[in-house]
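Next up: some structures, all given as structure tokens.
In what follows, chain A forms one complex with chain B and a second complex with chain C.
Showing the complex of A and B:
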């Protein structure tokens, strides 16, 4: 019996297929009839997640796992933080004052060493597969923590990467992409006269509904829902306007594009959006790693610290998980381009808020940062812990066609020490 | 008179274990080089090099001489070294946020054994199948701690320059601060700040010490957040801006711009940063060279009075790391990431000599700094592979 067959049951089979009027079978977007009750229950928690994604792979040795005085150490020096015994890079003075809120994981050991694979892995918890289109974490959080019928999308990506989208969960949970400046795309705003637009909408809705009813097409229903969501966005679009407020928050978040994106993320959380991913590019420092990190880290860490402060001050941090990670780490040894290459045997990520036990460095690397010395955290455990913090059972299964797929890979463990 | 047409590699000084990053001559036959650990070593080069037989296909082409002294004090990378014209002082800038002024005639504080051929020992161990390299004794050097510490920078000091008469130093840091120092009193003469988002990556003083040429740059904050760089002349006594050289090149440049679109205006001119600068000895020209990992390390020669571009020259295959004018102002000497030193005529930009050779492939070490001896008979270049190459000109 194959691995897939061993997990099949009649119930699963029924969940995995939807009959059409013509008797054919269509794709079941994650088991539409299955986990609705569970999702409704989880949704009551109203938790949010902000994923700060360091595209290209930030260096653990220039952030949270420094090796001063070792051959792998590089030119930066560690500084004390507001947590005794936890040190961070001198490039992170703002975050040094926030470490009581943050749990650093210094023992990530993941399985994809290059960018496309790593980006997929650190967005889904799974290695890419030709057979299954895994959904990104944002789509999963949107499904379980999103607000039905909300004006704003449940899954927003601001200047970031990752092409998996909603995968087998279907178009309902696709990400809503925002550009690097945090503004809505121009096509998101209707310039049509409101009366005229309403008339057009009524006509289009009539035709769409007729078609969906006659064909019993799930895809057509999805199309209608997508259109409705786009119309509702018109009502909530002020949440995306940050220009007027920017002067007030510039000092807190730092005067950078990443700072603006983080302010937008906070505003979207406040407006009820379940999942927001905020990206920063250019960490792939195969050459001039120190120069690159000196350029990239200060605006990022100030914005991150500002975000934590702002969330805390507004009472949102208890219900908002802030995840900091890239797709890979960087090599301990510095190459002859003064750079660090890709490395996944031992690297760092960080979590804060939403029940995460801050003020700790979990796991340990060896003296040169080459290997994990204590408590390795593979990608599955990382995602399982994130889901658990968001009150989503990581063993919950959705269906990719006939195949049950848990949110975190089979066998993944929640790292309980990271949860308060 | 500087005549680079004929040269011979006289020494390859071994400085392994930490990348050599800076070099300066202290006088005829006396040389100093710094490394990433913050150590500075001093060599007395014999007038006649030791006997040396070049092995076929061997990388080593010239003999080694061990250093005689180590200057102890810095705790992080040496970014630049300069010597006063009389050779009595050497000034060092470091990522430890200080400058140090070392009297070259100071008495030794003690002695230390140092291993400077660490890489060679590892290679030798590997050849015979051993895991651990030989722990044979290293060489004994004098140690010197006597120096004046110049404090005032709160960030890594990237830039260091000296006036022609040796009475003034200029330094710049990663917090955009520029300080002009009096060498005799070690006091600050002037201090100013460039654009707050930039780092001071290169600074030079005019021959009369009255004007400062300062290059500001920073790595992007994101692909869509790229602060504009700066290249300006300043009054070295008052810290007042006298000429914005970038504005002369690009009148439409908005110095407060940080958009990707805005960066397209200056990207070709600046590349990854104008990380090395110099004034010509007559003060009429300034040079600013593209560093970092770029396709071409071009040096812009600008008119110091008008800021207008005179010519571009000395195209290395990757970015440059250091540059200087010969004392007659007729030649420009550049070191680069293509493991070459290139010497070009200033009047027409023609390259007249190339010392060293690219090691093959795109990324094979680099030369990190270059210096000419006061009599311009010797040229030294530090090589991150763990060597200091010394050529002699036979003109």
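Showing the complex of A and C:
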């Protein structure tokens, strides 16, 4: 069967499935091998992902890949953790007690060394291209792990970066962005008087239903569904308020902005949101790297440790993947401004929860952290492993026009050692 | 070359060559017949497929559809009343003539092609600011420049980005492979990109074929020639030397493998014959702020000439199919940019005839568009299977309004345009809402395969956004509808005519009369009609 024919017939097949599902409302035509039925099957497992994004690029040598006593080592000492043989930076005492849950990857080797390219890469798994708009991981997880008819959006970004959005997956999977002040995105909130709005709604429903019935138009039905989703959000949006609970949790998460964002992420997981990205900025320490990390790491790592503890206590960690990464790593060499520059030949990321085999450091750098000595992990393998942990087949293809695009780049391998 | 492909090519060439011998008079005599050919062929397929077509579109349905399709905006209340009440039997034809002569026709076509050539979010290099390009493109349609001529001009990219199509290549700076993928897909309806990394799995394209085509663009350079305000003005330079390199299958390529230089070769055709450079030739770098010197021999121009030749078997066919899809919902070959043997046309004879006539008409897009919208096929009702783009064209398609169409239609419907344009004729076309959110939420509402897909953000904008700024305009629709001194029947009728360009049904009249008599807020009634599905889509 030719490519285009199979494309069409698979589309037709999916339409059939949707009709039997009774709705006929959800026209999810983007996925092929990831058909509607498969997506529904995946969704039943209800996995979640929280992406802690270190904007600017945190230093591996000041976090998870210390080189004490080496010329590249920097001023901090490694400390023991609750996993024998795995040491972390002394700036991370809270995380030191959580390392049994965490798999560190010390052998990241990626292909974009600057911020815009790196941000695209570490949000999509792909290098940017002029001809294809790649979707962010959040849009992909929303598509395959989102909840049809939920009150809340499936893809939430809290104070973070990345502008690829839903790419060719379309506006249905656009991120719902929460500002650094915790405010909902523009237009998310209705300021109308409830009685007046109900009256307006009645009139609107009358007009739309009449048109949809008369024309049988599928797009009209989608329009009605989108409108209903916007109304449901008004009910669900209290999930974004954490003020009432903050006092109780601020000790666990640490009294910081990043702590508040992590608590919000946990709350959203509980409310069913599939993907939440939480950002922390200012890691681009080209000068005074040590000072920068001394300021940035403590609130971040306490919040992260608090998040892992909280998820675990609530029984959510088994189905929630927590990813820690930035767009790049930092140079092993310390420059003449006591800073570290951009580096992607050998750097570190970390994963926890959702079937990740914690308590290990995967891959190895050489004695000065210049190069990967063992088990390099390129971006494609990193994303393939994340999708696999989330029960999403990384070879699933979506279509950008006629071009099949797998979720993780063609040829990417799942790092099996990271999965339990 | 596969036997199938050879067959198709031979057929296409025969059709084109055969036609060249026909006297011109014959084609001119066929004037009124192409629209009839369309209807005959479409009807024959219905009979064959046992399909019952929809009934013809009502005047109101036709008026709204053709206005949006030809000038990108809904008619105003007065024009709607005149058209609906006219007893003239030729009123549809006259409307089509009027709309095709409207300056907004060129602007609308400019919008469509600009979107096709750049997309909503072009990849950097200041290509998001391309007023010079957009003005140039629009003027091609104002002057009705033949399609092959303006595409040739575009691909030759002479002059600068301030005043012609040079900006097109800026988005593909240092990326000849990306450029050739886009050019072949857009203008030839051919999907070469698979062959970039491996031989195409089921088309005739070998990987080497891809690099042979990319070689035509390997020597391009983007040169900054001036600064206009804070925007750089670019020109496209072409060096005398430089090659794309081919390393074989991406799977087998080894790191550091430089590969071999590939000579330019026309797709499924000959290698380009190009003069050799003198032995002692030394390439000079292009200087900034200086229009780059032309090369001794231009590969880019050779490609532009080859693509736009009347006997190129893909070029005319691709655009005819694309324009068909613009008005009928999907191409006779679907998707429009995959003309291939493995993806046959639904109505092959019709596509052949349209292509042949289009070439004979010297690539006149306006002629083609007039024929299509004059056909009975285009003028069917959209009520039918519910599918947005029916495969056998048995009812009209439904498509979302573009961000520009939506905002400008809101301006007309609310009376904002009439009230505000007199004050500021040159104001931003997205006024008073601004382009930012509108482009973000309504800019490209489709899935990866081109089907409509609404989103939560679109509806949050509609529900909680700034539409009230337009609705509340002084002297606008809401004021009329809210004027309790006027008979309520008139007010309800105006509400529907101004927004949906039709009169209300009796149930609608009843519902809205009760709403207004019950002191329901007028702005909300207007809002309902501006945000409902019937307004959101062209159908």
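Just so it is clear, the second predicted complex is superposed on the first by the 355 of 420 C-alpha atoms of A that agree within 3 Å, B and C clash if a C-alpha of one lies under 4 Å from a C-alpha of the other, contacts with A are read in each partner's own complex, and residues count from 1 in each chain.
We adopt the following convention: a contact is a pair of C-beta atoms (placed from the backbone, for glycine too) under 8 Å apart; a residue touches a chain by one contact, two chains touch by 3 or more.
These figures come from a predicted structure and were not determined experimentally.
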Chain B versus chain C as contact partner of A:169, first or second or both or neither: second
Touched partner set for A:82, first chain B, second chain C, both or neither: neither
Touching partner for A:217 - first (chain B), second (chain C), both, neither: second
Partner chain in contact with A:238 - chain B first, chain C second, else both or neither: neither
Residue contacts with chain A in the superposition, chain B compared against chain C: C
First, second, both or neither for A:196, with chain B first and chain C second: second
First (chain B), second (chain C), both or neither touched by A:287: first
Which of chain B and chain C A:400 touches, first, second, both or neither: second
Interface residues, chain B side, partner chain A - complex: 36, 76-77, 95, 156, 174, 199, 218-225, 258, 272, 292-293, 363-366, 384-385
Chain A residues touching chain B - in the complex, by the definition given at the top: 75, 77, 159, 180-181, 256-258, 280-282, 287-288, 291-292, 294-296, 298-299, 335-337
Chain A partner contacts - residues on chain C that touch it in the complex: 119, 121, 123, 171-172, 175, 178, 181-182, 185, 191, 193-194, 201-202, 251, 335, 337-338, 340, 342-343, 382-388, 398, 400, 437, 441, 444-465, 505, 507-508, 511-512, 515, 520-521, 524-525, 527-529, 531-534, 536-537, 539
Residue ranges of chain A touching chain C (in the complex, touch as defined): 2-5, 7, 11, 27, 29-30, 128-131, 133, 153, 167-174, 176, 185-191, 196, 199-200, 203-204, 206-208, 210-212, 214-220, 222-227, 229-231, 233, 398-403, 405, 411
